[in-house]
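Input: one structure, supplied below.
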C-alpha cells in the first residue's frame, strides 16, 4: 500500500471530532498527525484519545507544517476563507465544512486561490455520500422515474443548536437549508433559477434576538423547468428528520426514513420503532464515506465529486433565500453564476 | 326505526354517483327517491341500477318535489348557488360538494338563505370523516403532541382531470388545495391569517390555456402563530397521494399512507405494495361516513359537524391563494372573516 | 329491486351480533326478521336496538317460521349439527360459524342433510373475504410468485377468551388454527396431507384445566409437495396479530399488518402506530363482505364460494392436529377425504 | 496506541475474505500479516489486494509462525478441530466460524485444549453483534416486554449454496438453523430443552442426493418454560430474509426488515424498496463489529462475549435437530449439557 495521507483536523466541535475519529480509527489510508482547537485542552484531550502526536490551539502550527498533506477545516464559518487561503498557499489539500465561506464574494476568492495552488478541495455536503441519496441519484439519472419535475426536501433538526451557535451560523438558510439546495441540484441535475423564502419563529423565542427563524420554507424553480420546495426547521422534538423526494414524469422516489434500530416494540400502546436522534447517527456512513472519498482523491490525484464550485452554488442560493425572506420578494439567480 | 330520509341526488358524475350509491345501498336510514343529471339517459341508467323510482334532467323536478327531504348537490360549482337557494327555499336539507359556490360573495348569499330557511347544510369536506384524519384531530385536541405549530399537507392527484373539467374547476387552489385548507383549519383549531401561493405547469401543457397550473405550493400562517405549507399537484403518476402532518411542541402526527391492499409482493425486483389509485378508493369509508353523518343529523335535527361556515372559510382562503399566485404577493385574510 | 332476504340470527354473542348488525343496518338486500339468543333479555335488547320485530330464546320459533328465508347460526358449536339439520329440513338457507360441527362425523351428517334439502350453506371463514387475502389469492392464482411451495400463518389473539369459552371451544386447533388451515388450502389450491402439532401453556395457566393450550404450532405438508407452518396463540398482549405468507418459486406474498389507524405519532419515545385490537376491527370489511356474498348467493341462487365441504376439510385437519398434539405423532390425512 | 494485533486469516472463501478485508482496511488496532487458502493463487491474490506480506497454502506456515498473535479460521468445518488445536497449542487466540466443529465430541476436545492453553476463542455468531439484535437483547433484558415466552426465527437464504458446499455443510440444521438456535438462547437467556425438526425439499432437487433439505422447521422448548419455532430455508428467491421475534408477557419485539437502501420507488406498479440481497450486505456492520470485539478482547485480555461454550451449545442443538428430523421424534437435550 502507498504511504498514508497525513491529515490535520482544525476545529474539534461535534463535526470536526467525527472527522478526526473516522480518519484516526477507520480509514487505513490516512493518519491524523495533528489536531487543532480554539482551546488547547480540547485539542490535547482529543489527541490523547485518538493517539494523535500533535495538538495545538494555533492553526498556523498546522498550516505551516510541511509534514501535513491535508487539512480538514471544521471551524466556525468566519474562519474558513483565511484558512482555505493559508492551506492552499501551503500546498495542502482541503476538506472544508459547509458553507464554504460566509459570503459568495469570499467563496470566489477562496475558489481562485484553490485553483491557483492546484490543491484539491472537497466540501462537506455529506448527504451526497449517504447510500440512499447516492442510490437515488443513480436511479434518477437512469431515468427510472422519467424526467424529474419536482424536488421536495425536509430537514428538521431535533431542537435548536445553542444561541451561541445560531448567532454565528449565518441563519437557517445558510446553515441548514443549504444541504437541501445542494442535494436538489445534485439529484435533479439542474440549477436553481429562483427562490422565494419564508420563515417564522415557532418554538425558540431566542431566534428573534439572533435575527433568525426556527422554521423556514423555500420555494424553488429550476432552469430545467422543474419546481421544488424545501422545509427546514429546528423543531422536530421527536428526532432528526431528513427526507427527500423527486417526482418524475413516470414515477417518484422517496428518500429517507426515521427508523433508527431495525426493531419494533409492540405493546398495547402500539407498534413503535425508535427514531434517529441526531445527524451523527443518521449520517454515520455518509460522514465516513465522504472522508474515504477525500483520502482516495488525494491518493489517486483526482478531483473530488463535490467541490468548491458546488459549495459556491449552494452558498449563492442560500444568500438569495436569506434575501428573499428579508424582502418578501422572489430572488432570481443569474444563470451561469452557479458554475 | 323512524321513517327513512328521502333523498335526491343532483349531478351524477363520479362523486355524485358515489353519494347515490352509498345512500341507495349502504345507508338503511335513507332512501334515494330521485336522481337528476344533465343528460336524462345518465339519470335513467343510474336510477335503474340503484332501484330509484324517479330520474330527471330537470333539477326543478327535484327541488319542487314535496316528497323529498334532502338534496345532494354534486353538479359543477357554477350551479351551486342557485341550487342551494332553491333547495333551502323549498325546505330541503342540503349536502353540497366543495367548493360551496364559485365566490365568497355567492357563499355569503347562500349562507344567508340557508340560515333564513333553517335547513341543515353539510359541505363535502370528506377528509374530516376519514378515520385517520378524525383520529388525528382527537389526538391533537387531546394534547398528545403539545401545542400544534406547523401543518404540512400534500395532495397529489394521479394525473389531471380532463381539460373540460379543469376549465370549469376554478383553478387548482379552489379545486384541490381547498381540501388542505379545510383540514388545516380543522386539525390546528386555528384560522389561516395569510397565504402566499406559487404554481407551475410541469406535466400538462394544456393547463396554460386554462389559465391553471398542475403544481402548486401555498405557504400559510395561522392566527395562532403557527405556520404551514400545502403542496397540491396533478402529477403523481404513481397513484393518489394524500398526506398530512401536524408538528407540535412535543411531537408530531403523520396522517396517511399510499398502501392500498394490505399485501406485499416480494421478488428479486424488491418488496412492493400497490398504491391507492384514486380518491374513491382512498376515501371510500370517508364518503360513506360523511353521508351517514348527514342522514343522522337530519334524523336527529342536529347541525352537521362541517357546515356552510367552514365552506366559506375554505373558499376565502382558496380565493386568497389564487390572488397571491396571480400577483406574486402575500395575501392577508381579514380576521373574523372566516366565522 | 327483488324482495329482501328475510333472515334470522341465532346466537347473539360477539360474532352473532356482528352478523345481525351488518344485515340490519348495512345490507339493503336483507332484513332481519328475528333474533334468537339463549337469554330472552339479550334477544329482546338486540331486537330493540336493530329494529327487529321478533326476538326469542326458543330456536324453533325461528326454524319453524315459514316467513324466514335464511338463518345465521352463531351459537356454541355443540348446537350446530342439530340446528343445521332443522334449518335444512325446513328449507332455510344456512350461514354457519366455524367449525361447522364438533366432529367430522357430525359434519358428514350435516353435509348430507344440506345436500338432500338443496339449501345453500356458507361457512364463516371470513378471511377469504378480507380484501388482502382475496387479492393474495388472485396474485397466487395468476402465477405472480411462481409455484407456491410454502405457507406460513400466524394467528395471535390479544389474550384468551374466558375459561368458559375455552372449555367449550374444542381446543385451539379447532377454534383458532382452523382459520389458517382453511386459508392455506385456499391460497395454495392444495390439500393438506399431514399435520404435526405442538402446544404449550405459556401465559394462561387455566388452559391446563381445560385440557387446552394457549400456544400452538402445526407443521403441514400438502398433496402438491408444498409445506407450511401455522402458529396460533392467545398471547399477543399487544393486539390482534394475523399474518399470512405464501412463498413461491419466483417470489413471495406477505399478507396483513398490525396497523390500525393510518396514522403515526412521533415523540422522543419513537414513531408509533396503534395496533388492531381485535377481530371485529381487523375483519370488519371481511365480515360484511361475507354476509353480502351470502345474501347475493341466495338472491342469485348460486353456491357460496366457501361451503360445507370446505368446512369439513378444515375440521378434519383440525381434528388431526388435535390428535397429533395429544399423541406426539404426525397424522396423515387420507387423500380424497377433504373433498 | 498499543501495538497492533497481528492476525492471520485461514480460509479465504466469502466469509474468510470478509474477515481479512475488515481487519486489513477498517480496524486500526489490527494488521493482517498472513493469509492462507487451499489454493496458493487465491491466497496470493488476496494478499496483494489487501497489502498483506505473507500468503500460503500451508496452514502450518501460519500456526507455527511466532509473529502471529491471532488466527481467524474460516475453512470448511472438517478442518476446524485440528486447526483450533494447533492454534491453541501455539498460543494463538482464535476466531472460528460456526459451527465450531463437526460434532459435539470434537467440540469438547477443542474446548478442552482452548482452556488448557488459555487462549481466547470467539465464535462467528455475528448476529449477536448486529445492532438490531443487540438492541433487542438489551430491551428484553430490561424487561420491556415482560417475561419472554416465545421465540420465532426466520432465516431464508436467497437460493442455495452450490451442491459442493451443501455436501460438506453438515445439513441445514448445522449450517443455517444454528444461527437461530444461538440467537434464541441469547435473547431469551434460557437453554433449549427439546427440539422437534422437520424438513422438505421444495425447490432444489439436488438436496436429496446430499441427504439434505432446503426447507426446515424446528419446534423448540426452553428450560424456562418458553417455546419457539425456527424456519430455515434456501428458497427465498426474492432476497435474504432474516427475522426474529420475541414475545413476552407484556409485549413483543420484532427484529429485522428486508429493506436495503432507505429508498422507495413509486410507479403505477406500486411502491417498492429493494431487498437485502445477501448476508454480506445484511450483516456488514455485524461482521465488522464482531471482529472489532475480537481484537479488543485480545488487547484488553478479556473473554469474548460469545465463546466456545456457546458454540458447543448451539452445535448440540443442531445435532439434536438433525437427529429429530431423521427419526421423526422429539429429541431432549440433557440439562446442564449446554454449559
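Per-chain numbering from 1; labels A, B, C and D assigned in written order.
Everything below uses one rule, namely that a residue touches a chain if its C-beta (ideal position, glycine included) is under 8 Å from a C-beta of that chain, and two chains touch if they have at least 3 such contacts.
None of these values were measured; they are calculated from a predicted model.
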{"item": "Farthest chain relative to chain A (centres taken as mean CA coordinates)", "value": "C"}
{"item": "More contacts between chains, B-C or B-D", "value": "B-C"}
{"item": "Inter-chain centre distance, chain A versus chain B - centres from mean C-alpha coordinates, in Å", "value": "42"}
{"item": "Separation of mean Cα positions, chain C and chain B [Å, integer]", "value": "38"}
{"item": "Between chain D and chain B, distance of the C-alpha-averaged centres to the nearest whole Å", "value": "57"}
{"item": "For chain C, residues contacting two or more additional chains", "value": "237-238, 250-252, 265-268"}
{"item": "Chain D-facing residues of chain B, complex", "value": "237-239, 258-259, 265-275"}
{"item": "Touch list for chain C against partner chain B, complex", "value": "1, 24-26, 28, 51, 131-132, 135-136, 139, 144-145, 250-257, 261-268"}
{"item": "Residue numbers on chain A that touch chain B, as the complex places them", "value": "146, 149-150, 152, 196, 198, 200, 202-203, 215, 217, 219, 221, 225-227, 229, 231, 233, 235-238, 247-252, 328, 330"}
